[in-house]
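Got a structure for you, written out below as structure tokens; questions coming shortly.
Letters are used for the chains, namely A, B, C and D, taken in the order the chains are written, and counting of residues starts over at 1 for each.
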């Protein structure tokens, strides 16, 4: 992909409601994942690694933690004079400060920004899709097929989210049928909501849809236009996961204890950038016992840790035991406490001697800054 | 002032209503002034020149143009990893996206940000006050007097704005009387709304006031506390102007044609930083006739210009005449058009041969992108 | 370190001695041009506008001033975590050290810097020319031709051709022959000193060239001829815009006045190809009541009370009452006092031209035309009130009041 | 250019030859320390945390690697438009050029750089020490004392005092006498090589020192003694935190293991005095099912399947099944294969320790205690499977499989 040719758009609030526990105080984009990242780091790094130098982040609500995380965009080298990262807060019009209801309205509210950009193409991503995708390949496929729109899709069980499209294709790869998924467990080709098209086409589609008061991007823009526009699919073949619930968040996290899965998400040629915390490396005390775990910097481990993921600054005191759990940033596990199948949000404190236990298919969630 | 000791807070929407013509589509902070600046450049540069490295910009509405102007804060060297510039959009609480009604509410909405800062002091400025003030001197005076709060004031005719405080002092410089100004033309000592105090004090005052549902910072926080707190005044002795209407905007602009006045605003030791446009220097064609005018880069002058201020990219075609006028960015004056006592907003177009004339005490305003 | 497809290496070179007093304190690429620019703004802006975000600037002369001007690269959007602009001076190695011997040696000494980005292509530029060029088009051409080296080429007037390195070019764009400043030119296709190399090939030739004790380690004289004789794919990329070498006083003066000549194709106000620069934070300029300005450009921070014709004023220049500036270039911070006259001259930075002093002469006022030339006043000097500086003079020291 | 009250000049110095193979490819300040840092992170972070935002790094040895590590200064918040971090190598001037002769000469050659910021005070630092220090307190002390030069001072054990430059200090903090590594120390107050100078005074003495042909142009040996004999105000600023010179293999090893010693006062996790570093973008580290880790620190990107005792693993190190690492420092990207044993050793970056190889020895396994020492493996090397590296060895080349 040529510099300055593709504009990136990220929806930071995509499917917030699928993960109410973790998005109560933050956007989907700022949900922590994989020990040291926030979900937005993945689409943002994919874009930067593909040479995109201008990214608009559309926000709707709860975006203060997202702004804290993104700052001036330096960790992604997006603090620029020209181009760079632009946070697009919800201003629906002069003087007002409404909140976007849907994807079309969000794009319409950002149309001024989109129009001012001089890029030829636009690629849009959601934050609940975790992948390490070379968007350059998507771009090459788009140009090779001559499609008007290319949508990345995955084959498998569709996530349990509203408005997820499933596709059928003709022999040339063009989407000739699409419907909005309504549950079911059979394998399908489902949309990853990564859309690539000419910026001028997006502007036209959004203006039209907003003019007709259409609300649903999938049904009213994509599915309606399957005949009029040449819409192609691009099959994602690397690591790709779509978070649709706390359960899938938990199982996708636990999967990362497998080195093969990790290798798919953390490819040497596609580094994942995040805001640094400048904490010291993790410290394992005498008497600690840690195995099969993913541990970020700043952690202190004095007790036992097994089959778990520890985010930056987590502390496991002496005699404590952490199993099959995910401890978000700065979680404190007191001495001799036992936790199993638990997800603790940021700065949660489990008092000494406490015993918390969830189930692998129904983890126990401890909210942000909660002291138990 | 010591690095990291003072946090800056700027209200970008202060007194927007005083200048409805220019704030219809922008904040007071993004109103253009003096040929190449926006009003926020003045408090922002004052802060940076005094060694402040962390500035929160409180926004309420219409702040897209402000965000475009500020970008990642690079022109003010405020694009930092630690510290830097923080835009504080109106989020009044989790999930909601309300709009601030008053100064107390705005501060209360930003209290999370203010509390997280580790600075010892806080200084607050409004954008309708144009000055080139060494805040270090204000800080020194504050420490020398041992005051709890120091408020910068000016002696003269108070601006015609709501809630402007006027002060009386005891012999030690402590404010022993204050009232909210209610019109009148006699000289007084009136507040410039530049407040310096310990951050912890501000946090306490704002929390208390918000808890009591108080709305007015001046009356409910400052004037109420004149007894309980030691509040001192700091007399601004350099160039200081408070914009309170389109008329004062016009006359303060015109004043800048005087080299003595300009020297007060543009002091060598206090450079005013702004976003660069990277346009070429102004070009004067053969046959042009320009005198007593302030002209920014990117202007092209083919016609006659007198007693006027031309912002970046303004174009005066051959045969045109511009007198006693202010042409904001990219204004186009067609051939043989005559304008006198006119303020044109950004990208206004005056068609060839048009004749527009306002009065010096009542300038004619042409809105943004209006074609006449 | 993320791989880069193409990085640029800018040969900021030596002292530029033909510019005399103007490069006493600064490297040639830092010489002011066009009211707000420095020469190096052109290649740097061309890079950024062409999508090249990694530039090594090779210099061993006065890197501090260049460093000062370039800073962290922010004005050109080259303050990057990965890539950006870097000043590369010679440095001490375990096995000893040396200054850059020639253009090819300068690149050779920085192989390690280039390898860090593992580029496929390297663009070699010089810091001596004013031009606007989309290097990405040249890079596409290089790839299309599967070339090892592509040289930007400009057609020059036949009568000037013998001053240039010339190329005989075949129909497919490949280069058949080189001629270095020939007396009898067989071509008017001149090399602009802008090269795209496939890095793998250039790297190999840099090692060969360095190993050759007889080589002067120059691209034009040694390395490219060697590639040519080895039968490597050398192609010429045609360029037809404005291009000016500003290596002499006369050409620097010309190039500045070219901006004011509507017939010359150099548009500095093109929004789609901006030339970025590190400008001081100055307010708009002010024209006083008695000012008269014709066909001139004026940068920010100036105060003009006198008259200006066909001239270029840089930032923060002041022109006093009754002073006249004609066909002249006045660099930043200079003060021209009341009644002084500056004509057909270049006045460097922060100089004072005293009241009623006369700097330079009109060509028509000089009896023997060979005695005429642009007058130059060095930076930081003071020209005393009422003194006279003749045409073609290069002032290197203060001049006392009334000196004629 | 806005004036700065105080700027820092960091003498990144020469090659650090006592660190042998560890500084073959990198300048000493760039040597890795503490799992994620480089030595230079300490003075740089101290500067930023003390409110000093302008740092000149003086080096003539391998500036490229240091440049590469420091980049635009962003990790330390030193990517400033005005100020920030600058690498300063010697450069060519009109009247010729020279390498830095001594510490004072290095500053002398950069007077122009310092003058640009017109500072009142200049802080001189070296890049050889691990310590956390608030320079702003030292600066306040300097101002309070109205000193011309303030020297940071540390009390060292009397039996080690003769290794240091010592000071006899009066009650008011002023310095009465200097002793450079005396046999019979009369003081245990050692200079830390951290100086605050009033710039006006330092500038004057730099010129005097440079003019003196007999001077070795060193701060400690020449310039400060001259100031002292001229009766200038020299004061000692007491410091009592952790401070370690990491100029030798042994001290580098010690200083790393100090982090794991709870009795030693070096807290790298202090939120109020962070040590910043330029870390690679690596995921969290992974401990496999068979891992056993005791009293160790592990950086991001590592994979540990074996066992670790009292050791420091830098980023992206992998320790295979059954491998043991004890009392060792393993630098970034190194691979320790199955069953290998690394003990009492420093292994540099991107090295491969083959399966079942043994690097280093326990002191108790060495018959003659004088034969014991830390084993060192240079960067990028490969130690063949099953081979043995004895204590105190410094490996500079690949070792073939099975070498004993």
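As a convention for this text, a contact is a pair of C-beta atoms (placed from the backbone, for glycine too) under 8 Å apart; a residue touches a chain by one contact, two chains touch by 3 or more.
These numbers come from a predicted model, not from an experiment.
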Pair with more cross-chain C-beta pairs in contact, given B-C and B-D: B-C
Relative to chain A, chain with the most remote C-alpha centre: C
Chain A and chain B: spacing of chain centres that average the CA atoms, whole Å: 40
Length of the line joining the C-alpha centres of chain A and chain C, rounded to whole Å: 47
Set of chain D residues in contact with two or more other chains: 74-75, 79-81
For chain B, residues that touch 2 or more chains besides their own: 74, 79-81, 271
Contact set on chain D toward chain A in their complex: 34-36, 74-75, 259, 268-269, 274-277, 279-300, 303, 308, 312-313
Residues on chain C engaged by chain A in the complex (per definition of touch): 2, 48, 51, 53, 74-77, 79-82, 136
Interface residues, chain C side, partner chain D - complex: 15, 24, 60-64, 67-68, 71-74, 79-81, 84, 86, 88-94, 97, 99, 112-113, 116
Chain C contact footprint on chain B (complex, rising order): 34-36, 74, 257, 259, 262, 265-266, 271-274, 276, 278-298, 309-310
Contact set on chain B toward chain D in their complex: 2-4, 49, 74-75, 77, 79-83, 269, 271
